[in-house]
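First, the structure itself, so that you have it in front of you.
By written order: A, B, C, D and E. Residues from 1 in each chain.
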């Protein structure tokens, strides 16, 4: 029991790193995903193909490889670019490049969700907006977007939880700076010290579960606000479509 | 009021508000409209009838350019809607013009197409606020009045999904009316409703007709078409097969096809 | 020019590169065996979830929700170790003498005799099982949902014609279930394939580990060709490899879907 | 013949590395094979990541570590060491040519180390307060980051960086003072394996005596040794 | 043929094939069947009529135990279907018996329920092969003959989804016939069909009636019930309100409720 509480307090600061990675990546990935989804739906051949290719590549390859690849790519560009601009230590810092890769990755998954939702927006709602003389921007802001985000929210919630889970591999691929260690590295170090696999990994799992539940709860609150226009809400389900 | 962009002599009587000239429209290989022309004058109620798939909805949607006709012109208040390109690649030419014109045409869709994420009141206020950029206080007063008029004032703060079909239909009518349109376009305003609700909605439309509002409507209800219309147009295979006053159309029927259609309608 | 080509050909076929190419078998093995386990665990989990006995139902539900609630990498690291330790613990209770336990200085295993030596094959197998367990939890959900999507009338008709419960299950229920399950299973498969990139975390000399070794900068001619940090090029190859696998998988699942959906997807097929 | 499994990292040339044939190679592999021959053991090499190399020894996945591991007090708490087979050697700082660093009061610089090494331990204890210590999983990665300018200096075994400085033809150079922290390198063993330790020590002593160890060192480390000639 | 497990004297005339005794069935608090008894004798055609929700389908499904009645017995060819337990926890008692009996009852569902993953021929052959374990060659010959008989021999290798509603209905009939059942059970065989297909299916059922096959059918088509049945049973609120020959039922109607029902049916 002592070991359990000891682990709980040891891992409390570590989970902040996972939360940090997720908290930074989620909003940025969200914005990027909106553009990617619109790009996928764009009639412009070039934009369309670029967005599709991007989404396919990032959903089709493991995040783990993406971390390695982007870190060594950024490293090889260091002397040519980051150094002269004076952002060397910053760009290659796990606290920067970690979220960067997570953003690139989650944006692709989120874009796919948004794109699916975009195509599911009722045609009639958009036609009504057209018929009343709204401009394309007004149509998007007032009708398409509100519909899209409601359709996408349950799947997006799952993606957010998975992004949080994905933060577990950041430090398996990137160097550790000082004592900045996340949950996984902390748990792994502890296991390597005393071989108490069940205890340390269970406590780490507990942290992941707890934060996942908090995410579900918060996003569920938002969802019920979004869906207050429906008397019977479609239930949020823990059913991820895609993961990394 | 009427700009003189077209050379036709202005006929006596009320001014033309909607004028279609030789409209053609194909979907891929399927030619749906094969040259349709008619005029709706101020205060007139025109009903489009015809069998399923005859192109009634398509024709109505061409009036506000939700479908762009391949050939032919649409004039609203005598002003031709600018179009560019040829055939199936034809597009609206002037975005600002079409938005201005659309906000003069109140369309009521067959499936209502209310915006599900807004309350009824917000639905009704949306276009006046966003498109016409009128003051909120004024719009809200008008919107509430309009909802009262169609009999669902009490439902202003409900969401569309909380309303029955007939209430939704009336909300859609209120939404269309609130932009104070020159013309109301109705696509089968009652086909999705049960008989009871049908009566409710028809009552509202008759009210509008009595107020002298210009209307073009697609309907399957011959009784209703007869009682409310000034002109009835029978579409068949992409062409106007018959056109006339209700008495002419429903009285001594002239064409065999119309006869057949009306017989079937009596049984359906 | 030809010299260059000959040099690069030679370089790319040296023993280290050959070891890299050979290591793709681990990835493929883990994916296929892991996939098979995932389907087995998925069917098992779905059966539990559909069970009439509440405790079994609870087990099925707990399995699928807890495993999906933690990162795959955590379970992936945890399971092989925990499995090994559990086996060692059982063995220890049987064979360890008190003296041997007292003599043991390390925290684990309880005594030297209880140690279970795992080679790379055993690790690969354990890794595949843990992939199967993780993604079996996802498959459980997919299959459970698919079983419930088969229209009740189809099953009633089978019952009305006198089929036994197992005939109904195998000849109608499971046959039709695939159509509803395949899209979901396709997603689970893609996830699993991508998770095979984690093998190196279990000390398996897989494609990622070799890519890292091959790409690492080298300054000593005695060690091999002297070059800078080339890692990102090697990782790019893996990046492309996985995209290709995804693409191929999609084709394969489309074909399977057409097969399973014969008669049931007439509008989609034509 | 008893089979002994020896773990090495395979990424710490010239002690241990993977050669072009894809096989473990280096001073420690040569030495290990010689010891095994002498002690009449049959040896099997296992490649294991550095950061989990001690835990996996304790868990019994292999019996010996020969991976450029220095003897330290801390490690002696968990494992035993054979006699040393590479003498205490100063750890050294290297940096890109032209870097000027004030080593008298070292602050604000990024120091690259391989995690879990004696250099990492030293840096974390002595330097982390005013500087940033970046731990990499392999020494190669630390060098790569230095070459790319992501860290200001790396701090590593002298004999490890020697050939790199030489091969870089001036672009990487020594900076700062040498630091003597190692107590020499030796094979790591489980504490209870005293028989095996005795065998290894005996064979090692014989190899030191007949000059084999010095020969192997000279072959792999240019200009080093002889250390163990009587 | 008739086992003598029940004590009733064997009546003169054809032997009873289906016999229901005091069937009760509730869903939760809703009591759907409140004590139904009737007998279908060899070669008889019995129609069940009644308004929607009166329990017709439930009654039919009780005959082959797709729903297990809470009280009462079902006898097929004089053999009582074994049931255990009480009330809503009542279950089929003998799995082997029920499977044997079910394969004597050819059920045709309202929504056909053809197995979507098999061709029409496979559908028809499935039960004879799997349940009755007959030889494939013989079954195939018979199945093809049966499909020819109902007029869809050419569709043997199509999948159900590729057939029209009427063709699917006929395939479902062929499937039921191919197990050579003692009794055919039909649940609203025509309600999902358009008038044209309805005629097709009714033709096939009449053919079967003329062949002297025992049938119990639920129908909404009074015309059809009148022309094909030997007995008509009118269900109302879970009880048999009226029972008799078609002439008795459709002629001088006795109960006010039946009168009301038949009036409504004429307009529907």
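Here, contacts are C-beta pairs under 8 Å (C-beta built on N, C-alpha and C of every residue); 3 or more make two chains touch, one makes a residue touch a chain.
It should be emphasised that the depicted structure is a prediction, and the values quoted were computed from it without experimental measurement.
The chains that touch both subunit A and subunit B are none; no such chain exists.
Set against the C-alpha centre of subunit E, every other chain centre is closer than that of D. The greater number of contacting C-beta pairs, out of the two interfaces A-C and C-D, is seen for A-C. The angle of the rotation carrying subunit B onto subunit E, fitted on C-alpha atoms and rounded to the nearest 5, is 175°. Relative to subunit C, the most remote chain by averaged C-alpha coordinates is B.
Centroid to centroid, with C-alpha atoms defining each point, subunit C and subunit E lie 50 Å apart.
Chain centres here are Cα means. That of subunit C falls 36 Å from that of subunit D.
Centre-to-centre spacing of subunit D and subunit E amounts to 86 Å, using the average Cα coordinate of each chain.
Across the assembly, subunit D contributes 52, 58-59, 141, 144, 148 as residues in contact with two or more other chains.
Taken residue by residue, subunit A touches two or more other chains at 72, 75-76, 191, 195, whereas all remaining positions touch fewer. Those residues of subunit C in touch with two or more other chains are numbered 106-108, 212, 228-229, 231.
The chain pairs satisfying the stated touch condition come to A-B, A-C, A-D, C-D, C-E.
Remark: subunit D residues 10-11, 13-14, 17-23, 25, 47-49, 52, 56, 58-61, 78, 138, 140-141, 143-144, 147-148, 163-164, 167-168, 190-192, 220 touch subunit C in the complex.
Those residues of subunit A lying in contact with subunit D across their complex are 72, 75-76, 78-79, 83, 88-89, 92, 175-179, 191-193, 195. The part of subunit B that touches subunit A in the complex is made up of residues 64, 66, 95, 98-103, 105, 107, 109, 111-119, 126-127, 130-131, 159-162, 175, 179.
Across the interface of their complex, subunit E is touched by residues 151, 153-154, 156-165, 167, 171-172, 175-176, 179, 260, 262-264, 266-267 of subunit C. Chain contact summary for the complex, subunit D toward subunit A: residues 51-52, 54-55, 58-59, 110, 112, 115, 124, 128, 132-137, 141, 144-145, 148-150.
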